[in-house]
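Input: structures, listed below.
Both of the next two complexes hold chain A, though its partner changes from chain B to chain C.
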Partner chain A sequence: MNGFRRFAAMAATYGFLGLMAFLSVFPFIWMVLGATNSSIDIIKGKLLPGAAFATNVGNFFTLVNVPLVFWNSAKIAILATVLTLAVSSLAGYGFEMFRSRRRERVYRAMLLTLMIPFAALMIPLFIMMGKAGLINTHLAVVLPSIGSAFVIFYFRQSTKAFPSELRDAAKVDGLKEWQIFLFIYVPVMRSTYAAAFVIVFMTAWNNYLWPLIVLQTNETKTITLVVSSLASAYYPDYGVVMVGTILATLPTLAVFFFMQRQFVQGMLGSVK
Partner chain B sequence: MSELQLSEVRKSYGGLEVIKGVDLDIKSGEFVVFVGPSGCGKSTLLRMIAGLEEITSGDLTIDDVRMNDVDPSKRGIAMVFQSYALYPHMTVRENMGFALRFAGVAKTEIEKRVNEAAHILELGALLDRKPKQLSGGQRQRVAIGRAIVRHPKIFLFDEPLSNLDAELRVHMRIEIARLHKQLATTIVYVTHDQVEAMTLADKIVVMRAGVVEQVGSPLDLYDDPANLFVAGFIGSPKMNFLKGVIEVDHDRAYARLPDHGDAKIPVSPQAAAGTAVTIGIRPEHFNEAGPAALDLTVDMLEHLGGETFAYARHGNGELIVVETKNGRGLRAGDHLTARFDPVSALVFDGDGKRLR
Partner chain C sequence: MDIQARAYLPRIAGLALAGASFLGVTAAQAKEITIWCWDPNFNVAIMKEAGARYTKTHPDVTFNIVDFAKLDVEQKLQTGLSSGTADALPDIVLIEDYGAQKYLQSFPGAFAPLSGTVDYSGFAPYKVELMTLDGQVYGMPFDSGVTGLYYRKDYLEAAGFKPEDMQDLTWDRFIEIGKQVEEKTGKKMMGLDPNDAGLVRIIMQSAGQWYFDKEGKPNIANNAALKAALETIGKIMQANIYKPANGWSDWVGTFTSGDVATVVTGVWITGTVKAQPDQSGNWGVAPIPALSIDGATHASNLGGSSWYVLESSEEKAEAIDFLNEIYAKDIDFYQKILQDRGAVGSLLAARGGAAYEAADPFFGGEKVWQNFSDWLAKVPSVNYGIFTNEADLAVTAQLPAVTQGTPVDEVLQAIEAEVSAQIQ
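Our next item is the complex of A and B:
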């Protein structure tokens, strides 16, 4: 009886896990299969590999200026990632290292901004960008993201594990605070930076709503916007859309693939 | 080599005063150990000397130059931390040369000094390793090496052996003593381990609650403590404290142990009859031939091979530690007559101050 119960529990666990895994993986399988089929076959619900892959790829490259949209996406994602990591890690370091009476109040107020939905910020941000003359520029996409409350929180939490004696030793060695940050903190916390890089890069690359509002001409649009516009055409070619989706997914997949070890280390903590 | 003076040095965090007016002279080449229980302020005082904590009031001078507002790197000090504080992303060589590189010292000079320090500390084979590839003892030596290369006027050690196992601690203790002889530099060393303090120091500074209780050579503090706290803190196992009372007989004052026979310990004639006092007897001052005796019952025994510590109780329940060379035959429950010479006992008044 005990054996049967154990088997039933195990079967239920694996059944549940299998279902969850299937639900997670199915969109990707469908994306890849869809890229090989014609739009009609996809609409009919065909879930087998087709022969239209070359045609779909050809059509995609005809409809979209692929190098330009990739360049736009890469420029925005890299700029946003580098600036976010620089600003947020400095803020996280500062919040943890410098004592002041009002530190926690400011920090809590900053965390509260996480609760404000982006939809509530869109119009004021758009007006600000308009007044700054930045509408339809990539800077308008990047600027609102670089002071990220979540990334600052992440860096502050990670900095708690940074040994204060390293900072003391560096002071005795003659380093100024900015030198301690640059030459000691940054290299010691590189796993934290790697994990933050993966998160911020993926968010910036996949960003849709805000770029949709501020980027208004084809010359400035990103891959995400272009693929979305293909899907919302009057007669959408879903095969072409699937090819675009695959291409849009590849960079984030590559970043995660090459940095997964550092990502996991960073999530566990840089300092052990 | 350099002299260091602290004059009426205080440190407060808001309304909380943690260092309460410390005066101290450290002579050139001296090995001074700050010792005291956790939270007594010894590490804070060391960090104030290093420049890692601001001095709220008072003066810190090194070679007669006021250092209160001088940057840590310009005070001529080098510090060894409890957790070693080696930069994990640098090799041993880079760790040791890092401060010199920042000070703009020429590469050849850095190389020379690093090699010299590596030779002194036998680190030659480890220079290209990262800290995580080293054992605790090796890391500690690198931390010391990093201090040596700077040719500091004063070395500061903050509980440097706390993270090592017992065997390595003894080994490193000897290494540090050897190093002090070899470099003949002033060293200020913080520890809570009184064995380290006794074995390394030329001068011990005993601290409690931000106050210096007594300063002196290890044996002076051991033989002649100024108060009950120092008497209890220095020595292991700690001194036995028994309740006593002052009696005056023909203008001569004695401290007597009312519950322990007729032992009389002579004290200053100013002591008033009937005053309650504490009498301190070190475990090793019990012997078989002293004129005074305590009748005890053995509670527990620690056989260390060469000697035995008997934890014994008197009728009133006081626990007394007796060191004996002939304790191998003793068993729990045995009767023990612990004899001592009253002259070796110390007497403290109600405030813990020594009565001489």
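Our next item is the complex of A and C:
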């Protein structure tokens, strides 16, 4: 009886997990199958692999300057990630390490900015970029993202687990604050950095609204903008759109799989 | 003196040379016209063709055609105009006709009036009307969504109807024919998506009315054409002569699969209809059915867009001249875009060209393009106003009530209330 109950519980668990896994994976499967079918077959809802993959890839590469578009996306994502990690981890470190009377007030004000939807900031930000002469530059895409309240919050929370004894010991040994940060803090917080890297890279790679507003020419466009433009034609070629979507997904997939272990560690709390 | 002259001469010569080369550079400096539009296979490709034609006669003008998704073009235009950052805007932008008045009225002075330059008498009047504000005409009319009744000759013949029987129908007669078609062939008369108000818009405009009157005030509760349009759709549903469709692709599937006998929509569907080679020779095109109320016609429109020049553009003069030379005068250009892209422009004189005069074997040798051009000139002018999209949503929300047999007057009241609430 007991065995049966355990079996039933297992079956229910696996059934539920299987269903959830199917729901998460199905769109990907459908995307991959779609890339092998013609647009008409996709509309008809065909769920079997087709023979149009080469045609779709060929069409995508003739319609889109793929190397340029990928270079644009990669440049923005990598630049944004490196700068965000540098600036926001410093801020998170600072918020936790240095005590002052106004610290919490500033910190809370910063967290409040998370509540402001981006659409409300868009026009002032756009005017700012216009005055700085940065419209249609990749710098204009990167700059607003590097002081990220969320990443600062994440680093501050993780820094709470950073043993202050380490810092004190380093101080006794005569390290300056920047040396402590660079040589003690950064290596210890490796997995926090890794997790933040995955999050920030994905956000930057998939970022859509702001690049759309600020980038003006075909030469500066990112892969997300190009796929969106393909998908909104009066008669979109869904096969080509699927090829574009797969290509746009690959880098984030690669980053995630490559850093999965560190990501999970970072999420669980990085300091051992 | 001699020494001084020798010292100065090279400098003066240098200055003169520099000046000359500076002037020379200015004279030969290429002007680049930036254009935003949205469909790589349609308006983007067509604008590239137009640009190539203009560059042939004006080698100093080049084109930078940027394609974004349609909603993205609107979003970028809105942001650029709201922020007042002029260098963030293109020289020419494509705007959907239903939204034209929204931009013209919300951003006065943002778009260049073309009334003095372009001869608008050559265009379909309804296209000119929708881009007119306070007596000034802005924009260059582009593609039209003039409507037609596409019908399957084979199915209708099996039900006992000849092509002559399909001309100049009323909607009541159309429903009557639909019942007989289903009786004799088992096919439904048309595909209908209950969440798409497109057919309502077609029928309403065919009788010269819109959600808004000439002053832009809501015209719903007492709108005879809208009332008749909703009644017509109610009758179609009651007679059950339609195949329900869920979304655009599904609706397209109703006729590409051969499940329905007719399609009532804009001329831009022609390419999709013709994409089924096995149906060649089986299709005909007639004027759409008319309502039985005052002002009813057999011509209407669904969709369409036009080009607008930004007032702040540095290349304004070139941009206007370009649009005028190609879109208002080049008949051959209109043949090319009809042949290559299936685009029906709004310039009435284009009908005289070879592509428009050609008989189409797919439609059994009918001169469909000439017919569409005839109907194009007859599309009633209405004021699309600022809130067409909002009104459309309200109509869509109330369509199920029509299906369930709620009195149409009550439905109209509900739509009017919803629209008034939205636009205040």
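In this section, the second predicted complex is superposed on the first by the 253 of 272 C-alpha atoms of A that agree within 3 Å, B and C clash if a C-alpha of one lies under 4 Å from a C-alpha of the other, contacts with A are read in each partner's own complex, and residues count from 1 in each chain.
Convention: contacts are C-beta pairs under 8 Å (C-beta built on N, C-alpha and C of every residue); 3 or more make two chains touch, one makes a residue touch a chain.
Note that this is a predicted model, so its numbers are computed, not measured.
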Pick one for A:98: touches chain B only (first), chain C only (second), both, or neither. neither
After superposition on the shared chain, which partner residues are touched by A:123: those of chain B (first), chain C (second), both, or neither? second
In the overlaid three-chain picture, which partner chain does A:169 touch, first (chain B) or second (chain C), both, or neither? first
Between chain B and chain C, pick out the one touching the greater number of residues of chain A. C
Could you look at A:217 and tell me whether it touches chain B, chain C, both or neither (first, second, both, neither)? second
Go through the superposed model and pick first if A:229 touches only chain B, second if only chain C, both, or neither. second
Report the residues of chain B in contact with chain A in the complex, numbered from low to high. 47, 50-52, 71-74, 77-79, 81-83, 85, 87-89, 98-99, 102-103
In the complex with chain B, residue positions of chain A that touch it: 163, 165-166, 168-175, 179, 184, 187-188, 190, 271
Within their complex, state which residues of chain A touch chain C. 40, 43-44, 63, 122-123, 126-127, 130, 135-136, 209, 212-213, 216-218, 225, 228-235
Parts of chain C lying in touch with chain A, wherever the complex brings them together: 34, 38-42, 64, 66-72, 75-76, 79-80, 82-85, 87-88, 90, 249, 252-253, 256, 268, 271-272
